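Each of the next two complexes has chain A plus one other chain: chain B in the first, chain C in the second.
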Partner chain A sequence: MRTCAPVLTLVLLGPFLAGSACAQLIGTPDFSDHTIPTSQVADPASNGWALVDISALVIALGLATYLALVSRSRKHLFLLTLACLAYFGFFREGCVCPIGATQNVALAMADASYVLPITVIVFFLLPLVFTLFFGRTFCAAVCPLGAVQELVAVRHVRVPRWLDQSLGLVPYIYLGAAVILAATGTAFIICRYDPFVAMFRLNGTAPMLIFGGSLLLVGVFVGRPYCRYLCPYGAVLRVLSRFSKWHARITPSECINCRLCEDACPYGAIETPTVPLSRDESRRERRHFVWALALVPVWVIGGVGLGSQLGEPLARWNPDVLLAEQLTAEQFGLAVETTDATEAFRSAGREPREAYLVADKLQRRSRTLACWLGAWVGLVVAIKLVQLSLRRQRDDHVANRSGCVACGRCFRYCPVELVRLGVISDVSERVTEEQP
Partner chain B sequence: MRFTPSYRSIVWTAIVTGVFSVMVGSCLVFALDAPWRKLPLEELRFLTLKAELESDAGNERLQQELRDLDVDIRSRYFRQQQFIKRGAYLLTGGVIATLMLVRWSNNVKWQAPDPKRLVTPQGWETRQNQLGKIAAVILVLALTAVVLVYHFSSRQPALSRMIEIPATEQPDTGVDNLQPALAPVLVPTQAEIFANWPRFRGPLGSGFAAFDDIPQTWSSTTGEGILWKSPVDLPGVSSPVVWQKRIFLTGASALKREVYCFDTDSGDLIWTRSVAVRDGTPAETDVEETTGFAAPTPATDGQRVYAIFASGDLVAFDFDGNELWSRAFGPLDNPYGHASSLATYRDRVIVQLDQGNGDDHKSRLLALQGATGKPVWEVQREVPASWATPVVIEFEDPPRIITAANPWVIANAADDGRELWRAECLSGDVGPSPIYVDGVVYLANDGACVAAIKDGGRGDVTKSHVLWKAEYGLPDICSPLVTEELLLLVPSSGGLASYDRQTGSEEPLWEQDLDVMLMASPSLVGNHVYLIGENGRSWVVKPHETGFDQVSENDLAEPCLSCPAFQPGRIYIRGKQHLYCIGNR
Partner chain C sequence: MNDQPVKNDRREFIQDGLRVAGLVTLGAAGGFLVGRQGEAEETVWQLDPNKCIACKNCATHCVLDESAVKCVQFFDMCGYCDICTGYFDPNYRELNTAAENQMCPTGAIRRTFIEEKAGQKFFEYTIDADACVGCGKCVKGCALMNGSFYLQVSHDRCLNCNECAIAVSCPTQAFDRLPANRPYRLKSPALALLKRKVKHPSHQDARDLLSQVYDP
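This part shows the complex of A and B:
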């Protein structure tokens, strides 16, 4: 199997290289009688496809939930993963997806004139509702981004818990930035930096292709790196899943603490029983917890301070601000050449002052929102530190409710499950007496 | 371990599909890099034909050839696109098949783990949580560093500061209300600066004029070469500065200060503005007679003109003569009278206010906002009064301001005033200004030395960056001038002295007398040096390794202590009573 890794490395890059071929435009003929066609506005997407998409999502979520929680069939979950990858990924080309829909919702909440399609609302809300009741069954088999990573996760390496915990902060920060940038109409960065959409569409820019290819290569060894350390929608699902009413379990009934499943999860989501602490250790833990709690406001205020420095750079992501800057630079001879945007602006008979006005409003709004973003980052870090100081007593091997994606990989490790399936008649066939 | 035949067959199939995928991938990589993937408009043959047709528009054979080639290239291009697309599908299928087979083989050989190897050590979770906290904090610190670097780096480029919109509340509607509050800050480009004469001794303060057709002969007695001359009401030794069609000049007496704006074409006085005495400024200022009350040369950034007087009054006017702001720095503790000229950096005005004895913390260097006069930064200088003018080097990174005073030559960052380096070279009363040429700072001062200092380094660079020093032919007022090979000095005894600018030497290469004292620093146009004596006689000379050849001798018929200003085809010289325009057109 190890010899397959280099092969995988090569073959995984292939589609991306191929995809870059299609991202070019060529001019119309100069010296022929060819009539240049007038630009056509694409027809709006039909409601029929919207209904099909929503139906597919509902069915896929329902099936995933049933397979993860009731029938506990890893095999069928995997087949569903392939089907969802084929439909939501390659056939529907990764759009609409709940991850990107987060930005549409953020923009709609900030801008009343922005119309939110029903498909987007459903795609954003439905996985949240399912997660609140059944855990991350959307991640298990429905999400095409998760599916493509699930497919390549063949040789997992355990990420140290401390690293896993700290990198787990990134999706929340990414979520905050994405919401702020979307709400200001600046950019939909989740879509812009979607690592796998280029593969789904067999098309994309070189940076996108390299980013996606690299993530898949990492994903061969580190399970679902995008889901765990980047996905902003996953960050929301993690929180909701923590409070879910039902959740996928390692064992169908009672854990016998055989420890066979300890290394089963490539996503580091299996929690082992805790060891009782001495009195001194308990006191120290409590002290750390109190300190972490007391420092929450400090982190938030520090975050606001950091965010206050971000207003101007954040505003410069906005094309309208860049346009105003470019117009000014051209006006005073600081820019050697004009850009398509400034040419178009002038051709429309508009005055640069209009652009300054828009840039001014955006800059002022960015300053405020950047402080909110800073506060959010501070809060996220503070909560993480509190969480790491909080010790929960566990007697069994359990799936971490926020980290578990309900993929079902751990099922077959559990002797109790094997007994349920009739593979073995008694757990003693798998658990020797030497084991605890 | 003995694998079942089914496992072997799966692995072999996976290898076959993997190899197939690699082969398809290789073909695609080759196809992506192939020369025939060039876009039709980039084909050399196509471009050549197109160029030929442009020079021979009616050639039907060329037109037909071009049409055929166009169709051929496009057909090939789209065939290739189709090839790549099919290849991409094949490759995707191959990759998926390989992955599925790999997973299948994993399943076939799967065995339950041996838990004995998975013992969790005591206290593992506590340690991991502690490490997790540290890692989270490090992550946040790294993020903070990135944010700060991004923030400050995005502030540096010129474009990022182009739109400086005041924090005052602006109405959301009403575009007409935007001006001037939303007007962008105007910063002169380097090209604009070098096309004008915006400060003492020109764009870099080096006395170098990169203009053509500069006259070499003139005479105010015969009127030869004099395009116009205009009277200047108040005396002063400040030099003219020029921006496009306007010449700015200052004049002052003990009780009166004025700023003048002349028209370059006619010499007409466009406006005169009196500068009022500010509160706290004594009615009279003690100055040495030669220095006078208007020794500092004004400076302009193309939008505003800034002037300072011996009284310490600094004032800014727009080009229409409207006073924008003023600041009173006086009274200045200066035994001869304040003479350091102003300089500008982007939209800021730079003021070198050296005064006192060096121990009384009176000396400072300031950068003020050109639009408002509010200080951007200010640094204290532990130096006594000096009369030199700062040099602003905008194109270095970071942009820097170089100043000279007893005993330090100091480089400060132009953006925030922080000190970059300093070298100890000077002593006594420092009048000549430093110049900066090709990364080397040259300066000279009577009673100290002439020195060449390599720009760069940090802290005290006296021992590491002083390239050479010498002690003869030193000036007390005139600033140095550099030609392609020589460093020229106007010694306090008069005449002209020369050193090899690269290597220096113990004594000057040569020293020639001119029989008259010079107060105006020399200027360089091409390989000709312009020298103006205090009696108004002037010379254009061509220096070389053994001396100089006189090209012309001219007269102004009135004393002159100011440096000339240049524009293409013109020289502006301030005499004791008149402003002269010398030119060929």
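This part shows the complex of A and C:
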């Protein structure tokens, strides 16, 4: 069949002219006894879940905080994790989630015409506020993405510190890229590359299912790989958790430095007491710190340099830029065949020049943004180096405030906790009696 | 030994300060976002049938098992043809309603005889939205003639994802966001026809449709 683009002239009442009617509309007949219906479109489904979602979030966050900080029950936390996985994950199919909401917030900040539903605002802000006071209890049991990884983290291996620290930079870079792409209305990459939402929906593209599946497989040995090395919202939570007022503790009262908890954490978040440094060592440490501080501008400038090279690839996220590129390629005979996009563009009677102008503007904007992204990456690296050169003295085994997700696995490793629970009896007094 | 509590006090003081600063920032962000609510309307995804080329992506790229995109028939643009290029497969064996002769893979188009006039038979073609999968085969077929079939995101089904998966894959960028109280579109000739139709007092259904249609 030959495709002919019909030039639609309006209403041609007249005889039925099959075949010859490419240029005109065939008139709707005048029926003697039949009125021509008007099809109705479906009314929008009312979003009755908004209130339920918000209440579920508030209740789950409150419960998670209580279970992690007050009642210290890993079992109940685990049950809550399952419940949240069932509700936020499988029932609500992973939407709305605070991780993705980051992008909506970025877009709403940048674009006044984009309106954010209240649910999204609450989902974005509430976990942040909770984290500011109680640490990452959202990660502990509420987040469905964390939950699905929590279930498979059964056999953990220790990630080497250098690898852990370097991969730990990725979430900040991801966050920067996601915010820039969302704020410019280009793409929502957090949603597009959400590894587990395809599982929650029991439906998705093969690459995303494979990505999610392999993350879970890795997650058996390296606890919560998405949370630790990708999650952009987790990156924000890490920073806030550092300043939290209260936080989940390994031991209910005083650490006796028995070292039993050292291997408890699958997420590498337990910090051991520091060894006092010799004078030479501490002088070296101080020199490192000064260097790291002095190098901050160098990293940022280097990042801008790197970013200036990334303008082109960043621009190619935008379909308008791709369209203009394809149009150019076709114009100069570089493209083998036309695409649907260029066909549609031409059949709409638009001039390629129009597309070039749009693409040019977008490319210029993306060059600027890429420099900002580069500066952000440089800053992230620089801050990490400063942070690594800082050493704080620790006398006890404590949870690393930014790394700890308050999952409660370490509670029962602590003998003090076992005494508290009455599982074992306190023999410390008897031991000290016998000692001398 | 003696300065330990002082040091801790100082640390706590700084942390308290940072916490308050964080809280204020979050509160300000929340207030700003809530304050912006009044400035514009909420929006939902819709496709522009004037740009649509019926490429079939709508049927396969939606995150729902059964796509939120459905075919709609705009009857006032339909020729009520006997040999409908949207209904019959180009390689039909016979001109009857047998499945192998139909364009629609799910048999979602109902063909009803209306009238015979001057030797011409006229049929009405109605879409069964429950059976439609939004593949747009009929839309492509109908485009050869009047183009009264067109695809639309059906808002009783659409989840209103952050980033519509079909929009990402749409070759002609036909998807964008419309105000939620007018979430549907018509082809431009159809819109003109509908505007004429609503003037007639008996056409309440036409007024209902027009009230839902976005008019640029």
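Here is the rule we go by: the second predicted complex is superposed on the first by the 351 of 436 C-alpha atoms of A that agree within 3 Å, B and C clash if a C-alpha of one lies under 4 Å from a C-alpha of the other, contacts with A are read in each partner's own complex, and residues count from 1 in each chain.
Just so it is clear, a contact is a pair of C-beta atoms (placed from the backbone, for glycine too) under 8 Å apart; a residue touches a chain by one contact, two chains touch by 3 or more.
A quick note: this is a predicted structure, and the numbers were derived from the prediction, not measured.
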item: Touching partner for A:350 - first (chain B), second (chain C), both, neither; value: neither
item: First (chain B), second (chain C), both or neither touched by A:287; value: neither
item: Contacts of A:191 with chain B and chain C, given as first, second, both or neither; value: second
item: Partner chain(s) touched by A:240 [first = chain B, second = chain C, both, neither]; value: second
item: Partner chain in contact with A:158 - chain B first, chain C second, else both or neither; value: neither
item: Which superposed partner A:340 touches (first chain B, second chain C, both, neither); value: second
item: Which superposed partner A:113 touches (first chain B, second chain C, both, neither); value: second
item: Chain B versus chain C as contact partner of A:166, first or second or both or neither; value: first
item: Touching both chain B and chain C, residues of chain A; value: 1, 4, 8, 10-11, 15, 18, 21-22, 26-27, 29, 31-32
item: Footprint of chain A on chain B - complex, ascending; value: 14-15, 18-19, 21-22, 24-25, 28-29, 31-32, 37, 39-41, 50, 53, 63, 66-67, 70-71, 74, 77, 81, 84-85, 87-89, 91-92, 94-96, 98-99, 102-103, 105-106, 109-110, 112-113, 115-116, 118, 120, 122-123, 125-126, 128-140, 143-144, 147-148, 150-151, 154-155, 158-160, 162-163, 165, 170, 172, 175, 178-179, 182, 184, 186-187, 189, 191-192
item: Footprint of chain C on chain A - complex, ascending; value: 1, 3-4, 6, 8, 10-11, 15-16, 18, 21-22, 25-29, 31-34, 36-45, 93, 95, 100, 103-105, 108-109, 112-118, 121, 125, 128-129, 132-133, 187-188, 191-192, 201, 203-204, 240, 243-245, 319-320, 323, 339-341, 343-345, 348
item: Chain B partner contacts - residues on chain A that touch it in the complex; value: 1, 4, 7-8, 10-15, 17-22, 24, 26-27, 29-32, 151-152, 154, 160-167, 169-170, 173, 199, 202, 258-260, 262-264, 272, 274-275, 277, 281, 285, 306, 309-310, 312-313, 316, 321, 324-326, 328-329, 331-335, 351, 353-354, 356-357, 359-361, 363, 377, 381, 384-385, 388-389, 391, 412-413, 430, 434-435
item: Interfacial residue positions of chain C with respect to chain A in the complex; value: 15-16, 18-19, 22-23, 26, 29-30, 32-34, 36-37, 39-44, 50-51, 53, 55, 63-65, 72-83, 90, 114-115, 117-118, 120, 122, 124, 127, 129, 143-147, 152, 154-159, 161-163, 168, 171-173, 180, 183-184, 187, 189, 192-194, 197, 203, 205-206, 208-209, 212
